[in-house]
Amino acid sequence: MHFLLADATVAKVVEASGGLDTTMLSGPDTAMLLLTIFVLAVFIGVEVITKIPPTLHTPLMSGSNAISGIAVVGAVLAAGTGDGMIPKVLGCIAVTLATINVVGGFMVTHRMLGMFRRKD
Amino acid sequence: MHFLLADATVAKVVEASGGLDTTMLSGPDTAMLLLTIFVLAVFIGVEVITKIPPTLHTPLMSGSNAISGIAVVGAVLAAGTGDGMIPKVLGCIAVTLATINVVGGFMVTHRMLGMFRRKD
Amino acid sequence: MDPRLVQLAYLLSAVLFILGLKGLTRPRSAVRGNLLGACGLLVAVVVTLFGAGLDYRLIVGGLVVGSVIGAIFAIRVQMTEMPQLVALFNGFGGAASTLVAGANLAQTETFGRDMLVATALSGMIGAVTFSGSLIAWGKLKEFRRLDKIRIPAQQIVNGLLVLACLGLTVAMVNGDGSTWTVVAYWLISSLALVLGVTLVVSIGGADMPVVIALLNSYSGLAAAATGFVLSNTVLIISGSLVGASGLLLTRIMCVAMNRSLFNVLFGKMGSGGSTLNADDVYANVKSTSAEEVAMLLEVANRVVIVPGYGMAVAQAQHAVSDLRKQLVARQIEVDFAIHPVAGRMPGHMNVLLAEADVPYEALREMDDINPTMEQVDVTIVLGANDVVNPLARTDPDSPIAGMPIIDVDRSRTIIVVKRSLSPGFAGIPNPLFAAENSLMLFADGRQAIQDIIGALDAN
Amino acid sequence: MDPRLVQLAYLLSAVLFILGLKGLTRPRSAVRGNLLGACGLLVAVVVTLFGAGLDYRLIVGGLVVGSVIGAIFAIRVQMTEMPQLVALFNGFGGAASTLVAGANLAQTETFGRDMLVATALSGMIGAVTFSGSLIAWGKLKEFRRLDKIRIPAQQIVNGLLVLACLGLTVAMVNGDGSTWTVVAYWLISSLALVLGVTLVVSIGGADMPVVIALLNSYSGLAAAATGFVLSNTVLIISGSLVGASGLLLTRIMCVAMNRSLFNVLFGKMGSGGSTLNADDVYANVKSTSAEEVAMLLEVANRVVIVPGYGMAVAQAQHAVSDLRKQLVARQIEVDFAIHPVAGRMPGHMNVLLAEADVPYEALREMDDINPTMEQVDVTIVLGANDVVNPLARTDPDSPIAGMPIIDVDRSRTIIVVKRSLSPGFAGIPNPLFAAENSLMLFADGRQAIQDIIGALDAN
């Protein structure tokens, strides 16, 4: 018998696939791992961003705004694999909007930072 | 059909339980999530520790040394659930060693920091 | 593609985002930092494109159209319009999160509870971000209509909308039948759209930067929630980085204004301190001319320029940079004193002055320059008002009481460049204008500075 | 207990560790930080104890015995012996990781490949940490036998051992049959034990702090590897925090010595610069007495004390603190100049002087005090040698070339307190001792300072 979660697998299986009973294993489920990742990333965000000097706060605002366009990843999946019209159209609109956010955000930040650099 | 990993579950099942085929799902497996957690934690460590002033480097050394005694968690599981003599004895030795590390480490750090505080 | 490779690529992308933000901690590495962030996004998108058998037609269409529009915005925008642009982009990001969660819901049959909670949150936060950001954009564009909208019993309406969203979420998570789930989801999102409007529409225009930073944080949280829906680590990590960034910027601004976030979002400004009568305060105001200012500058050793929102309005940054060069050529020491909330965005003045080629060393922070203000011969206050109002120090009843200010009143002579005696955002008179050592130069900011340069040249 | 609750508790524990380390960034919050870390560990242990139906007899025995031993060590240890203690504890932590991974392997039938890799790494890193730390401990305890051990063709032996460990890991991961797996595991661990010895035994005693910091990092990595074996997040997170901490400390020390890590681990010191003959250098050394030093101190306005390893050996921290109080009572300004690698641990001098009640403000960092050394009337170099050797600046061939030093040679008068003219760790003569403004006070550090105090009292 395993006295610990002895493998890097999780034994909870989608209900749809039949509800296999595997209670003998009780490692962390994916949701808890994702929560852990979330908390750690918030810590990193706080540590790094408190170091950014006021001069760079506007570029930070537009740059981090561009990063939030990462939703484009989800949008691509939705637009590309959706079956049925609705998911596809929603996905396509989402791709467009998120891409504006990403491309526009990074470009305008680059433009702004270029102004800072000129004098170095 | 799921076009994405649509649930917080991972469909890889311990080989021992029969090798269910669930390739239709391909979310992150636990090992990759743990790796992500590792990388993020290293970033946090670097960010936080670079902020620690030289004066506190000796307490940092002994304090972080105490934290590395966290292996005591694994040791407790090994000593408490092992079946057979060997795992139990190994676990028990591990508990003792790790506890020395933890208790001694935190106490000596506390003692050292007490010296710093007296003058505040 | 091997799912593990995809995961590794997502991890790489997250690391690139972190390194990118770290790059932003120094002006020297900031450009590279921003590029690293962009690479991170590229990696994530490319890997996703090759990761599964996708139908590329719609995707490529969306990517191309989005890129073109984004690029046009980025190239065309004027630096003074950055707050508006960020608000707009922000709203798009939020909307994308809502749509993705909705699309996912539309074609999934069985859902875990965790997942439904994450889906509902994603829809809600994304929709609030979208409508709130659009309103903020409109306010900054100074659409008059928006300012006229008054929500009766605003706090109660907001409270009810939040409760309704949460109630629907509970019902959605516990309900059965996928139709109900989908209906509940769009109901929640619609209510959240309304909530975004009612939350933002009655906040004053000058507080929009705080609102935008907060909405920026929300758009990150929406992306993170979408990450939970899709079990996608890179969405979660980058979403929480953005969430933290927005919250910290919000806090920095609130601290610099000495107000609580609650007061910004729900408070009214200018209620206190109304005892001061502008006519009394301004009884002894002395006005001056560009020629007189030029004469004062010529004999000065040390000059400090304090820019404010008016410099942005007047687009006076290039003129003031020229003025600085002129004075430096005459061996006069010239610094800019930058208040953390001067203008309408954190770091707003820095961006404008950097655009106009003012070197980094000449931009000094408030805490750094304040102790030396007594040794300054001439201070030019250019379109700044609240950030130099000594009432913050002296009148505990004033709405800006306790806000740290730039101590221009301690310098030998003060030139205040603005168009009239009308107040700044806080709506209170400024005794500085009537101080014994103050001279008012009434004019548009750019014109005034150009006139001063002309007068200097003439001598 | 609900597995999710256990996971949440582990997350809480990880957050407490992070907050604890954050607390260590300021002396004010450091005590609380350390307590937060301890709470984190307590939470993790308690939750684990209640998490599953365990057999408590052995566990409680181990916990009690371990706590008692740990507490005795912690209470008894002298502050000068901290490096040894950290080395010893460190070894125990590493051993625990190896044993846990081994115990887990002994009773698990089927293993994934990831898991086997993690198990092998855990055994290997843990064992290296264990034996390496014990050797480091012995070296610091100055067991003569250890210094006599010479490994023939050391680099090759190390290389072969590493290769053997890695080869066995590959064989273990690809092999079948659980007996072979277990055998391979213990083989790897045994080879790693030997590797720990051969790696550390020929490194010089004064470089042990670097080695200890590196092994500290390893013990963290071992814990993290065990975390992968057990899919335990708190082990992974805290292990990587410790790993990062150890690596950064290693780097800080190497930078402060201007040497590469490779040079510390494998290089020989003192090979260059041997052209300098001690007799030539020390031709004009002047020696002095406690009475003369007291007279010099009485008329000084500003005194700087530079402590080094000799202060730790002589246990002179309390005496020197008394001297400082005496001088301060006579209106003389007294500072301590702390070199980052003075002594045998990073921050070693700070801990000793803090123990002796020297206030925090009086401890000044090298970069901070160096520019002001010219205004110092009397500098007392107390048992320091390499960290004040001007050859670092002047002789590009010397083994300490380029190492930043405290510029005591720029002060007006220098008193060097040490027992003889023998060299410090780097093994090179120190021209400072023969400088025109230098006076040697040959004595044990504590005795010398007490004599000076006596002479001051007598006047």
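Chains here go by letter, A, B, C and D, matching the order in which they are written, and residues are numbered from 1 within each.
Everything below uses one rule, namely that contacts are C-beta pairs under 8 Å (C-beta built on N, C-alpha and C of every residue); 3 or more make two chains touch, one makes a residue touch a chain.
Just so we're clear, the structure is a prediction, and the values are computed from it rather than from any experiment.
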item	value
Contact-richer chain pair [B-C vs B-D]	B-D
Centre-to-centre distance between chain D and chain A (centres being mean Cα positions), rounded to whole Å	40
Length of the line joining the C-alpha centres of chain A and chain C, rounded to whole Å	23
Contacts with two or more other chains, residues of chain B listed in rising order	1, 3-4, 7-9, 14, 27-31, 33-34, 36-37, 40-41, 43-44, 48, 74, 77-78, 81-83, 87
Multi-partner residues of chain C (each touching 2 or more other chains)	14, 18, 52, 104, 107, 110, 112, 114, 228, 230-233, 237
Pairwise chain contacts, counting only pairs that touch as defined	A-B, A-C, A-D, B-C, B-D
Chain C-facing residues of chain B, complex	1-9, 26-29, 32-33, 35-36, 39-40, 43
Complex contacts: residues of chain D adjacent to chain A	3-4, 7-8, 10-11, 14-15, 18, 104, 107-108, 110-112, 114-115, 228, 230-233, 237
Chain B-facing residues of chain D, complex	14, 17-18, 20-22, 24-28, 30-31, 33-35, 37-38, 40-41, 44-45, 48-49, 52-56, 58-59, 61-63, 65-67, 69-71, 73-75, 77, 79, 82, 85-86, 89-90, 92-93, 95-97, 99-104, 106-107, 109-110, 112, 114, 212-213, 216, 219-220, 222-224, 226-246, 248-249, 252, 338, 340, 345-348, 350-351, 354-355, 357-360, 363, 365
Residue ranges of chain B touching chain D (in the complex, touch as defined)	14-16, 30-31, 34, 37-38, 41-42, 44-46, 48-84, 86-88, 90-120
Partner chain B, residues of chain A touching it in the complex	1, 3-4, 7-14, 17, 20, 22, 25, 27-31, 33-34, 36-37, 40-41, 43-44, 47-48, 74, 77-78, 81-83, 87
